[in-house]
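Both complexes shown next keep chain A, but they swap its partner, so chain B is in the first and chain C is in the second.
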Partner chain A sequence: MQPRIREAKFGLNRMKQNPLSIVGLAITLGFVVIALAAPLLAPSPCGRPEVVSCNPNDPFVMPNYGYETEPLPPSADHPFGTTPGRPGRYDIYYGVVWGTRNAFRVGIVVVGLALLIGILLGLVAGYYGGILDEIIMRIVDVFLTFPSLILAIAIVAAFGQNLGNIMIAVAIVWWPSYVRLVRGDVLAAREEGYVQSVRALGASDARIMVRHILPNAVYPILILASMDIGSVVLVVAALSFLGLGVGSNYADWGGLVNFTRDLIVGQAGGDPLAYWYTYVYPGLFIFLFVLGWNLLGDALRDVLDPRVRRR
Partner chain B sequence: MNLRVYIIRRLLLLIPVILGVTLLIFAVLQFLTPFQRAAAFATNPQDLRPENIDRTIERYHLNDPVWVQYGIWIQQVFTGNLGLDRNQRSVATVLVQRAPATVELAVYSGIIIVIGGIWQGTVAARWKDRAPDHATRVLAISGWSLPTFWLGLLLLAFFYGRVNWFPPGIVSDWVTIDRVNPGAFTRHTGLYTVDGILNGQLDVTWDAIVHLVLPVFTLSFVSWAIITRIMRSSMIEALSRDYVKFARAKGVPESVVVRRHARRNALIPVATVSGFVVAGLLNGVVITETVFVRPGLGEYAASAAVNLDITAVLGFTLVNAFLLVITNLVVDIMYAYIDPRIRLE
Partner chain C sequence: MVDRVLIVGGLKVNFYTYAGVVKALDGIDIDLRPNETHGLVGETGCGKSVTVHSLIKLIPMPPGKIEGGRALLHAPVTCRTCRGKGCPECGGSGTLDTCEACGGATKCVKCRGFGRYKDGKSCRTCGASGLCASCGGSGSRYLDLLALSAKQMREIRGGSISMILQEPMSALNPVLTVAEQVGEAFYYHQRAALVHGTLAALDRALKDIETSRKSRWRRPILRWYRFLYRRMERDPESRLLQSLRRVPVVRRYHRWLAREMRAQSLDALNMVRIPSPEKVLDSYPHELSGGMMQRVVISIALASHPRVLIADEPTTALDVTIQSQILRLMADLKGQLGTAIIFITHDLAVIAQVCDRVSVMYAGTIAESAPTLPIFREPLHPYTRGLVRAIPGPHEDVQRLPEIAGSVPNLVTPPSGCRFHPRCPFAKAVCKEEKPLLLEARPSHRVACHMYGPYAEQWTDADRLLPQEVVTR
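== the complex of A and B ==
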């Protein structure tokens, strides 16, 4: 245990030296707190007289405050204002707080699915090689031939817009990069002395892969995964913005930005800067969330990657 | 291995990829209703009339085994038939009509990304760990993290909504009403910027440029970061090489060392990410065109997806996959041409 603790301390010190790592960690932890404390930060206002419609069973469904087309500016009741009332006047503060929880859910589920498929196929392709490797990698090539967002759009459009399908669609475009990464690491590790010796000791293929090869490949995977949580949320936000999200009343950052398109592009006269709160707050949440994970990924690389850390 | 053998081998490798790409799209088609599938084959709105639908299903063998359907479908695709969209227009025709608006946006953005990214990467490498390098890093990380659609909306809110310098759309109404519709403006290429010059109507070119400024900036901002980062690291490596030290030692001016000696070699890794950049552009076009209401391919695909017009979406997806296949092919061949080590492997 002693050397592990020493290594962990060294890693923490490395992290402290880079101010950007601290910023990334702080932003991400901040979002974790918001997501965990969502019911306290934005309790459901169901039953209050000004709420037109509300779903007490699903807090992700945003309560509606009316149908007037003008958005309400920030006030004590609505700290970040409301969206314009088509299709409903939703409280932006409520939307971004519950949207944080939604972002974590989407990011973790999609990256988790992609990791699962990627590690499984990457291990098999790299370890066994031959025809199996050839088949898996040709399939990976095919998926990588599609621009990711466009393939996700096609899948969502074909199979229908709901949260499950959106997450599956993004996972489908995401897994191939993990197969490539894991396979490369396995190929390099396969011929190493420590793998050869456990094989000589009679360890099974599964044991060698899971207990000996995978732990050595885990850091690059972790670094990529942490950056990808941000990127996945970015793609899902883009889908929602295009109108391929879960639904208009669902607490979702991209969907909130989508409401304001008409205020900026479609409006006849009027200054869209007067409605700044309708697009600045949700967009800022997306930007900071993705930024936080990107900086954290960079920091993890400094800390975890043995090739970089001792420099 | 010489270059010709390399190219032939690379072309042969295309066959499984194209087979896989078409199979994937075809697999998605299999999940659709018979009517939607029929729309993917039809060439004429009459084919989809209720009284004719049985005949259409018969003609395109939609009741036959899957592999027969795939054979018929692939034949249709390679003869340029992508079916009919929800407005009963041929998807292929619409894509061809809308292509110029997208080409204009993507090509100008591509040029800016490549030249700008290489320049900024060089500057960051020359001033490593100094102010220009830090500024570049901040710009690159924020470029990665900014949602494209949000950046576009912020720019529109100010530059269109407040000061009205750069409107959305592709050209102003007067261009359509006074020039194009009366026939006073021939659309040789479909690119308004180029056609304006060819017609000798520079006011149209200017109007098209004004409409391009914001979308091109938005689309470039994100991909710019990729090239800058790669260029920076490969330039830092090149600058530490012996031939650079030698050039400096013999008294070659620093600017010549950077431009002639280091940068040429540092450009090779940049070529490898160009496929990546093109993919980013194709993705970005969908969002950028939607934000700026630009009637190109991406806007067509996005609105088709929202209206569940699957034929149009799948046609667009297939075209994009083919574009990326061709890009990767060209990149690989160029790469082998620049760097002999690749083809000697």
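== the complex of A and C ==
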């Protein structure tokens, strides 16, 4: 394992030289801490007298503080204020903290599914080529012809709004580009001398693919995947904002913004910035989350990609 | 010992491309003797690489297709009666060396050695040679490489036949360390030896514990490992062990094998004389120089002690000093391991330095095949004569080297008859019509040219001289 550690140190050193990488790493690590410490940062207020409804078994269900239309401004009880009471007065701080956990879950599951399908199909299509390649790539083309958000909306609308369906829907629109990327890199790696060499050494197809081609073709896709964790959260937030979210009381950044849809332009004739806290805080979390993963993706390129890494 | 480890006869390969059928190889004959370095020379595109690649089926298929011919690899098998222990059946050697088809009689079983059936037609089994087709008339057991299944072929590749590719810089995987890549070669083809070494190491460790009475708690673990490796010894492909390797913690047993692999790799690197091999094992390919990489590649190719080593222009990408080091190393290793080498190059100087025999290729055919010295002293084929004449002498003062007129034919529409005839200064009508066979013109000197075959009388002695040669006489 020693040579691996040496290479990793070299990569980390390169990463340190780029301040943006550090910022990206810091932001993402910050979100990891928030997600891990969610029960400490925002404990369930169940049982307190001002809570109208609450689910002690599922912390992702936000406790409701009443049905008055006016949102509550930031205070000691509600550091980020509350949402307006039409679906229910939810504590924005609580929603944002538990929403972080949700964002990680959605991003990692969706990108993980896309990676799995993308690597598997891309590897097979690129390595074997011929009719298999043709079939797989034409299926990919069909999926790519649909406008992705519309397709996701259609799937969620058809199968019902719950977290599982939303993740599956986004994964379905997400995997095709992964297949394309992996296939392209596999096509390039397949022609390399070392692949010929190990074939002449008597390695089986499976072993050539997994041990020799994949490690050389996987870096671009890992970088894309890390950037996409942010993008997936953005798409899921968009779905929630369009009202196709998990449900009105579920801790989800997009959902929180959705509740304040009418307040963004202000109540009729009022000050548009009167209820700024209702959309700024969830929006800020989405923005930072996406930014963090994007910067981290760039940093990973420095660390992982052997073509950039060569001294 | 057999007289030939590899017999290639009438090997024909076509590539079906959009532009038409490329007749890349048109009947290649090569005999490779044990412990011999056989040079394959010819210009770019004449089919040197296609020849060796099709031997181990590494040409892309499709568009490539092996149309005919045979490639027989001498393959003694473990005697079935005594299972390698030595018995009267195998003459005490433990291996059987007799051809299964003819039982060592060397005669064709179909035509009983006459080469013809009773109705006068040529025997299709032996191709009119009268010799057993599956052993090539040697009586020894040969394996037809062209008829092997994909799985059998994988065992041959890197096992009995290894290959060194042209570019050492790209022949190693950039993301794996040298240790992993050399170890892989042992893992594929020397697993029995690896397991054996591992068991010995385990036994030693257990004994140490017994005598020193230290760390006795490790005893059950080591015993368990020994049990696993004994199982692996019996069945190297065991499903149980393959799946155990995937289980965390349990797979730690594999470390003993990895340690043995590393020890073997270290020996392999020592054999190719790499300075500070320990350090090189832990290096990535980009940390090594070209010469070092080629040494590593050679050590990988020789890991399985192959019977045949195919070196496809192993020194073309290296500078001259490294080139001579590598050539000397290969010659030494050949002596140590008794491997026969097929050496592909277009550098006649290299051929002269390392090869025992040379086959000159032209446009997908073998033009001439002879021991090295006669090829340079007394080339017979007009093409070889042109080649040898183009070698500049050390103290010659020439403005322009003599050249062979014309250029290599397009192999989609190769010339009829002898493929060299459009460029040949001696060509007569027969050359255009009939393909010359590779026949023995002098003892152990074979040439595919009508000037030396059955039509030899069409050429007078004066006809056989090149214009320039006429002037010098």
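Observations on the model:
Methods note: the second predicted complex is superposed on the first by the 299 of 311 C-alpha atoms of A that agree within 3 Å, B and C clash if a C-alpha of one lies under 4 Å from a C-alpha of the other, contacts with A are read in each partner's own complex, and residues count from 1 in each chain.
Quick note on the criterion: contacts are C-beta pairs under 8 Å (C-beta built on N, C-alpha and C of every residue); 3 or more make two chains touch, one makes a residue touch a chain.
Predicted, not measured: the structure shown is a model, and the values here were computed from it.
On the superposed chain A, the two partners chain B and chain C both fit, without a clash.
Judged by the touch definition given at the top, the superposed model places A:Tyr67 against neither chain B nor chain C. Contact with chain B, but none with chain C, is seen for A:Ile150 once the two complexes are overlaid on the shared chain.
In the superposed three-chain arrangement, the CA centre of chain A forms the vertex of an angle with the CA centres of chain B and chain C, and that angle is 100 degrees when rounded to a multiple of 10. In the superposition on chain A, A:Phe10 makes contact with neither chain B nor chain C.
Of the two partners chain B and chain C, it is B that touches the larger number of chain A residues. Shared-chain residue A:Gln2: touches chain C; no touch with chain B. Once the two complexes are overlaid on the shared chain, A:Ile264 sits against chain B while remaining clear of chain C.
When the two structures are aligned on the shared chain, A:Asn294 is found in touch with chain B, with no touch to chain C. Of the two partner chains placed by superposition, only chain C is touched by A:Gly193; chain B is not.
Per the superposed model, the minimal spacing between any CA atom of chain B and any CA atom of chain C is 14 Å. On chain A, the surface touched by chain B in one complex and the surface touched by chain C in the other have no residue in common.
On chain A, the positions that touch chain B within their shared complex are 20, 138-139, 141-143, 145-151, 153-159, 230, 234, 237-238, 241-244, 254, 257, 260-261, 264-265, 267, 270-273, 276, 279-280, 283, 286-287, 290-291, 294-295, 298.
Against chain A, in their complex, chain C makes its touches with residues 56, 58, 154-159, 162-163, 165-167, 169-177, 184-185, 188-189, 282-284, 286, 297, 300-301.
Interface of chain A with chain C (complex): residues 2-3, 7, 192-194, 196-204, 211-212, 215-216, 306, 310-311.
By the touch criterion stated above, chain B contacts chain A in their complex at residues 16-17, 20-21, 23-25, 28, 31-32, 141-142, 144-150, 153-154, 156-158, 160-162, 168, 279-280, 282-283, 286-287, 290-291, 293, 301-302, 304-306, 308-310, 313-314, 316-317, 320-321, 324-325, 328.
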